[in-house]
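The structure under discussion is supplied below as structure tokens; questions concerning it will follow.
Letters A, B, C and D mark the chains as written, and numbering starts fresh at 1 in each.
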Amino acid sequence: MDKRIATLAEAVAGIGDGATVMIGGFGGSGAPIELIHALIDRFLATGSPKDLTVINNNAGNGHVGIAAMIEQGMVRKMICSFPRSADPRVFTERYLAGQIALELVPQGTLAERIRAGGAGIPAFYTPTSFGTDLAEGKPVAEFDGRSYVQERWLKADVALIKAELGDPHGNLTYRMAARNFNPLMCMAAERTVVQVSRIVPLGGIDPEAVVTPGIFVSALVEVSEPQQEELLNRAGATYP
Amino acid sequence: MDKRIATLAEAVAGIGDGATVMIGGFGGSGAPIELIHALIDRFLATGSPKDLTVINNNAGNGHVGIAAMIEQGMVRKMICSFPRSADPRVFTERYLAGQIALELVPQGTLAERIRAGGAGIPAFYTPTSFGTDLAEGKPVAEFDGRSYVQERWLKADVALIKAELGDPHGNLTYRMAARNFNPLMCMAAERTVVQVSRIVPLGGIDPEAVVTPGIFVSALVEVSEPQQEELLNRAGATYP
Amino acid sequence: MTLTKLSNAQIAWRAAQDIADGAYVNLGIGFPEMVAKFQPPGRQAIFHTENGVLDFGEAPPEGQEDWDLINAGKKAVTLKPGSAFFHHADSFAMVRGGHLDVAILGAYQVAQTGDLANWSTGPKGVPAVGGAMDLVHGAKRVAVITEHVTKDGKPKLVERCTLPLTGVGCVTRVYTSLAVIDIEGGRFVLREKLPALSLDELQSLTGAALLLQGDVGDLIVPEL
Amino acid sequence: MTLTKLSNAQIAWRAAQDIADGAYVNLGIGFPEMVAKFQPPGRQAIFHTENGVLDFGEAPPEGQEDWDLINAGKKAVTLKPGSAFFHHADSFAMVRGGHLDVAILGAYQVAQTGDLANWSTGPKGVPAVGGAMDLVHGAKRVAVITEHVTKDGKPKLVERCTLPLTGVGCVTRVYTSLAVIDIEGGRFVLREKLPALSLDELQSLTGAALLLQGDVGDLIVPEL
């Protein structure tokens, strides 16, 4: 078994119109910029995939990464906790014009819903958002005298992930706080595609240091000098 | 801040009669034998703690560890998934005589209930046990056409944990499959007491290799050559 | 009956033939563990154990056990390159979350509805369930390996389980000492049987109707 | 009114005095982050950030940022010895599971019931919530730091919030530019006020009744 694939184009080949796509990262930290841009390349060349639902903590910054996907009109809906950034104009303008839908989810609930999707837990209760506008329409229940909101799992057709080391079985480590949503999203998608900074041989990752076991990974591609969204934006980059 | 304490006796000093105690380990792997035996020592010297509810995957093996706690009459109730072992006589005899209560929980549900306790999730739904005797009396619900059982979180007054490395803030690593329930139980107890094979200085554990962050740990004590339950039982050991 | 039924090893061998290269597999404690020995040449499954190891290997030589490196049956195992450790909640996320390709379990009874009874023989003694109830609700394919009948000759494949259930409608294939049987649409569908065994004989040893769909293959297994 | 109210730094300083040595603390994005600068000598809090770092330190010198090492406000930070990384589900397990000792947040409005509004100023624009709704339901103590009144002089401490709620009954202490006020039994209880400010003046700037219980201390803060 060898989950390595050679090119970014191959990595994003299977994603169809209307797919739900989880994209790792918190802001630019842990964002799989190269996979996202490969997906944009495919869209520009073929008109597909479009009408995507994208799940991420944010909704893009500047004119690269998720913001560039939105700018190209590939995204029908964002599911996120914080659609603001240093330069959120791409999302903001489309949202205010009614051109993109938004499901706003508290950050911890977003993380837990994704984990639940990966862990086979269809619903859970959380105190978060009880009594607020974001709980509207959701079932509530009381446990031990305190009130909770019922939340459903989140799953995706595809997850685009950035990791640090990966081996041919798909075992992964992450770099510092770039871990964030990535290990959770690996668990919650039908197909999990990972860009890693370095592919190591089997046995090259200490089994105790593995953060994402390979069972959660479908394919990985090496991107040895990955771009950092924050630096791209500071340089005023746009994509394509 | 320094969570190190000097003696096993100190480590188990605060546990009261009637307490709910989570004890890490899967069988003998990851079982904090020295902490358990220190608790037995305290009971033998003072008559306390008694009437304990013990949460563990199993219900003791041979005449050491949890089996020895049961043998001394300290345990009122076991919450576990598999109260069988190579030599389960201590639990079996008391159970069949009606001297100890048992709440039998499927293993994955046990793990998830403990995690839920640590994560502030009072209840969740799982497919596990639906339609079986172990779901009796529990609420059920249907999601997307499939049936699920509602399960409640599990919390404890104290968790007794075995880890490999620990630093003064309580950051922990585990040794191989001795990890099992230990990181979950760390999260779910009011007070988490850990025996570690080696205390290292702050910074002695790579922040990316930390399995249990110190926020989940109350106190740690060094036990540099911990006993392995399996080997004790093979040698026919009894405690005290 | 003088029929030579399959040995446990032969049942395990047959089940192993259906495991694809690269499949993630959980083998139940005891008899199912034997399946790992019979991976066809050129194929490599990755074995998961509930207590938190992925890609473990066979038992170490006696005396070289490390009792922190065990499987769900609490037997000592070894590591392969590419293995990983994780805690119990992550381990059962793999199980319940549908990440395993195959789980192979033992059975007291399997019903034509796919119901499985494999954890309790009734109210006597100390009940113990372990991970059985989780495993039946997670793997993409849940298969059973079992003797076709009990020691006293009663059918283990039945219309309805009389023993306490492990899970409802979860089993899709049964490998027995006499046959390979799929469960589809609430019916047993016979796929393979020992060549020397007539359909009538097999039906008489089975507690529910055996449906035929297309050819029934010969269940041919090497001496082991 | 010529009263000299506290600066933001002074409010943050006052809040920092109540953080015990060894406390686990989450500081909201923006103004609350300032609290970290004012830890009293001999005390060391451990700071948690929602995106998965425990025990991070101050910003690195400009040009030395590592953009994989940021806080919830997406600002570059540094590590201290004893820090740890973890994923978002574990991070919010810390939050929601009651493992933080203190969360200090900003506010648009705080009600005498402990209700907090700090995430939305109404239906206009793009809504964004982040971790605010989780933080108010996890820490053992949820405190607010805020100007006592809005820029146009309206009370921020009110009987009932008119802006969308972040959480119900969650705040237990408010540090303002004029006073320190506890929330107990659905009432504002005045603990400290600026010495130059009369009770009547403070009440006139507060949107709900201020209860007195025992002495009211002087809110005295160094020049910063």
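The rule we apply is simple: a contact is a pair of C-beta atoms (placed from the backbone, for glycine too) under 8 Å apart; a residue touches a chain by one contact, two chains touch by 3 or more.
Here the structure is a predicted model, which is why all the values come from computation and not from measurement.
Hey, what chains does chain A share as contacts with chain D?
Per touch definition, common to chain A and chain D: B.
Looking at chain pairs B-C and B-D, which one is connected by more C-beta pairs in contact?
B-C
If you take the mean of the Cα atoms for each chain, which one ends up farthest from chain D?
C
From the C-alpha centre of chain C to that of chain D, how far is it in Å?
Each chain reduced to its C-alpha mean, chain C and chain D end up 56 Å apart.
Averaging over Cα atoms per chain, report the distance between chain B and chain C in Å.
Chain centroid spacing, chain B to chain C, equals 30 Å.
How many angstrom lie between the CA centroids of chain A and chain B, rounded to a whole number?
Computed value for the inter-centroid distance: 35 Å.
Which residues belonging to chain D are in contact with no fewer than two other chains?
53, 85-86, 89, 92, 95-96, 137
Two or more other chains in contact with one residue: find those residues in chain B.
Where chain B meets two or more other chains at a single residue, that happens at 112, 115, 119-121, 126-127, 174-176, 179, 207-208, 211.
Dump the list of chain pairs that touch, please.
Every pair of chains meeting the touch criterion: A-B, A-C, A-D, B-C, B-D.
Can you name the residues of chain A that touch chain D in the complex?
26-30, 57, 81-86, 88, 91-92, 95-96, 102, 104-112, 114-115, 126-134, 174-184, 211, 228-231
Using the touch definition up top, name the residues of chain D that touch chain A in the complex.
The contact residues of chain D facing chain A are 49-53, 66-70, 74, 85-89, 91-92, 95-96, 115, 120, 125-134, 137, 164-168.
Using the touch definition up top, name the residues of chain D that touch chain B in the complex.
Touching chain B from chain D are residues 21-22, 24, 44, 46, 48, 53-55, 79, 81-86, 89-90, 92-100, 137-138.
In the complex, go through chain A and note every residue touching chain B.
For this pair, the touching residues of chain A are 112, 116, 119-127, 141, 143-144, 146, 148, 152, 173-176, 179, 207-209, 211.
State the interface residues of chain B toward chain D in the complex, per the touch definition above.
Counting only chain B, the residues touching chain D are 1, 115, 117-121, 167-169, 171, 187, 201-203, 205, 207-208, 210, 213-216.
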